[in-house]
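Read the structure below first, then the notes.
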Amino acid sequence: MNSDMTIGKLAVLLAVSSNNEENKIFKKGEELGYKLFKGRAGSMDGEKIFAAVETAAKRRGIIQNQYREEHTLYHSILDAFHGVCRGELALGSILRSVGLIFSVVRGPRLAGDYSDGEWLAVALYGTIGAPIKGFEHEVMGLGINNI
Amino acid sequence: MNSDMTIGKLAVLLAVSSNNEENKIFKKGEELGYKLFKGRAGSMDGEKIFAAVETAAKRRGIIQNQYREEHTLYHSILDAFHGVCRGELALGSILRSVGLIFSVVRGPRLAGDYSDGEWLAVALYGTIGAPIKGFEHEVMGLGINNI
Amino acid sequence: MNSDMTIGKLAVLLAVSSNNEENKIFKKGEELGYKLFKGRAGSMDGEKIFAAVETAAKRRGIIQNQYREEHTLYHSILDAFHGVCRGELALGSILRSVGLIFSVVRGPRLAGDYSDGEWLAVALYGTIGAPIKGFEHEVMGLGINNI
Amino acid sequence: MNSDMTIGKLAVLLAVSSNNEENKIFKKGEELGYKLFKGRAGSMDGEKIFAAVETAAKRRGIIQNQYREEHTLYHSILDAFHGVCRGELALGSILRSVGLIFSVVRGPRLAGDYSDGEWLAVALYGTIGAPIKGFEHEVMGLGINNI
Amino acid sequence: MNSDMTIGKLAVLLAVSSNNEENKIFKKGEELGYKLFKGRAGSMDGEKIFAAVETAAKRRGIIQNQYREEHTLYHSILDAFHGVCRGELALGSILRSVGLIFSVVRGPRLAGDYSDGEWLAVALYGTIGAPIKGFEHEVMGLGINNI
Amino acid sequence: MNSDMTIGKLAVLLAVSSNNEENKIFKKGEELGYKLFKGRAGSMDGEKIFAAVETAAKRRGIIQNQYREEHTLYHSILDAFHGVCRGELALGSILRSVGLIFSVVRGPRLAGDYSDGEWLAVALYGTIGAPIKGFEHEVMGLGINNI
């Protein structure tokens, strides 16, 4: 892994990592001073994706239970969700569902550079498709905002 | 790297990889039967991103110079570009520019499983921001279509 | 209040006015020959906002129960709703709800100038946010169409 | 009917044709080597439109029950649905419903020219409007993708 | 042609008609009391499509040179352009261009029924594609508003 | 003016105020601890609107020349621009231009309540229309983000 690590690359790598790869990424990220979390959410209802990420990020202490932090998180999820949906923020209402792994990372944009304060990155990675087993392809989204 | 490799994960890893990581990914992808390419494109003009990916994909023989293959590639770039732009497919006209690394991968959705034919994945990874050095954050997009 | 009053400014001022300010605006608008109405609607379901505005506008006689007038009203609400949603016309499905004050104003684009017929303005003003008390910020939208 | 028939024109003509016109179009299309189907779907729920077209296309053998064919069909419906919705892929959530006739056509882009393989066209034609009888106007959408 | 003719069907049929079919449609439409026009416009610049339709509609007397009529026309072109672009109102900036035939029709929603006043329909039909000859597929859009 | 003043209402009132009304709003806002600015920008090029607001906000010291502050400002302009454009972030490319007054306000969401830190509001108010004098109607947008 590159030593020029960034918040977005960390979020992306954590989201796409398999179970045996993820510990290395958690360790590397934490050494670099980031807070990181990874979870799963699948649904035809977009709000369940948002709720899963928000709940996890609060419970794990990645954000404080304060509106300005929640607002930054919300817009990072929303930005990442655009990458998943690619043009229309709709799942069930256009007959598709997602199975996603999400990661949330908090820290500087560039590892070790605190001159521009803290940022929050959300990555969403998984599959989107019809409600038929195996009828799906991969999707990915990334959202980053200042916290 | 997981042995359950997929076309989208390959495209994402290739796009975010640093120079010393990318050879391992090319090698792994080629062993699994994929065609892969990685390039760079930066602009305030969206069409230059599209043109750079299309030109590279044709020149490297990842797609044939035939409309149905070009159409699949175009829509994969477009899908990935949605992840980069997150809601409005505009760069210069809303005063922002991108510096992107792109990857193009051709092969089966799941490594080794040719039962559903060939697919094409495009990943775009880099930064978006104001026309001021360092005023930028990371973005990522992924587009996958049947070829 | 400016004597160069316009239909949109009237709608905006009426929507953002507090209880003690609104009578002055109603009076001013009516003197200038406008029909005006103000109401409230809050929901995670977009259709409830549309229904509240449409029902009020018909009941108060701001529009006639005729399709071409309803169509103009509908598109004015839709235009204003874009300002509220800012990119994705979704509320509950992306885990957010709104509490809105709406105004509907009918009359000329510029007060006193009937040379271009009647127009309809809808303003929506209030808050959008998470389903947590106080986790919300203000939003505003305005839609204007010929009737 | 023009002898320079194309897949999109066939889909459009079939969708807008009245009962006594449609047989001529079916016959012409089949003579030219196309597979064609026409059906009806109406709802405030977008997913019911998608489901109706997908079910009909599979049952009539226009597509095979294979993901890459379903994926092409899905994106063709989605493209056509953009023409119906014109900016926001939402029906009931913005208080409107549709009554649509759909056509699905499979074959070459230009009749008789198989040099670029098979394509799939979906046309949607009908009315959109308020949940009040007669408060509606016509809409049309067309989506075409390589299969 | 169906005797239950409507403004949208007329616009669609006129736009997709070949040279030898169009006279029949013009004649039928005019007998039913509609004003109709058909023209051509192709570009990578969206504004040229808008300008071509607006100029033609004014020159042919389909709309008067008055803002409220121009506004209705503008929004009808915009609605139709959504069908052409299917999600992102962009042409050259995402490396694509269109070659379109447009029709403009003015009259009642349903032929002979003047109870709901006059409406304006714009249909756009043609091809969209890469700037490579033959690398293109058909598109269609329809926009209807009260005038 | 209501004593329960909020950042968004201040931005909206400042943007719609006439020359003789604006001093009262500036004074009220400053008494409540807000930084406020008002300017003008008109163009067929969206980027000129963004540039005008960014330049003014920096020059007047409403934001510091630091990326995280610029990023918050950028997204607030973008949110407000959605209200102006209502569905498609395009001006000249769909043959329309805007003449806008903008306001930028920095301070707490609710006057006097610093418990949730500072926020930034951008309001855009003016007209949108065809490139023909007087062929235009009013538009309004508001964007608010945590700084």
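Letters A, B, C, D, E and F name the chains as they come in the text, with residue numbers starting at 1 for each one.
Just so it is clear, a residue touches a chain if its C-beta (ideal position, glycine included) is under 8 Å from a C-beta of that chain, and two chains touch if they have at least 3 such contacts.
A quick map from chain label to UniProt name: A, B, C, D, E, F = Hut operon positive regulatory protein.
Given the structure is predicted, the values throughout are model-derived calculations rather than measurements.
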{"item": "Partner chains shared by subunit D and subunit E (touch criterion as defined above)", "value": "A, B, C, F"}
{"item": "Those chains which touch subunit F and also touch subunit A", "value": "B, C, D, E"}
{"item": "Most widely separated chain from subunit C, with each centre as the mean of CA atoms", "value": "B"}
{"item": "Same or different residue numbers at the subunit C/subunit F copy interface, by half rule", "value": "same"}
{"item": "Size of the rotation, in steps of 5 degrees, that lays the CA trace of subunit D over subunit F", "value": "180"}
{"item": "Chain separated most widely from subunit A, comparing mean CA positions", "value": "E"}
{"item": "Cα-centroid distance, subunit C relative to subunit D, in whole angstrom", "value": "36"}
{"item": "Subunit A and subunit B, separation of their C-alpha mean positions in angstrom", "value": "19"}
{"item": "Of all residues in subunit B, the ones touching two or more other chains", "value": "67, 71, 78, 87-88, 90, 93, 119, 137"}
{"item": "Arrangement of touching chains [line / ring / star / complete / other]", "value": "complete"}
{"item": "Of all residues in subunit C, those that touch subunit B in their complex", "value": "87-88"}
{"item": "Subunit D to subunit E touching residues, read off their complex", "value": "1-2, 4, 6-9, 12-13, 16, 18, 20-21, 78-79, 82-83, 85-87, 109, 119, 121, 123, 125, 137-145"}
{"item": "Complex interface listing, subunit D residues touching subunit B", "value": "66-68, 71-72, 75, 116-117, 119, 145-146"}
{"item": "Subunit C residues within the subunit A interface of the complex", "value": "88, 90, 92-96, 129-130, 132, 134-137"}
{"item": "Complex contact set, residues of subunit D against subunit A", "value": "45-47, 50-51, 54, 67, 70-71, 74, 78, 81, 89-91, 93"}
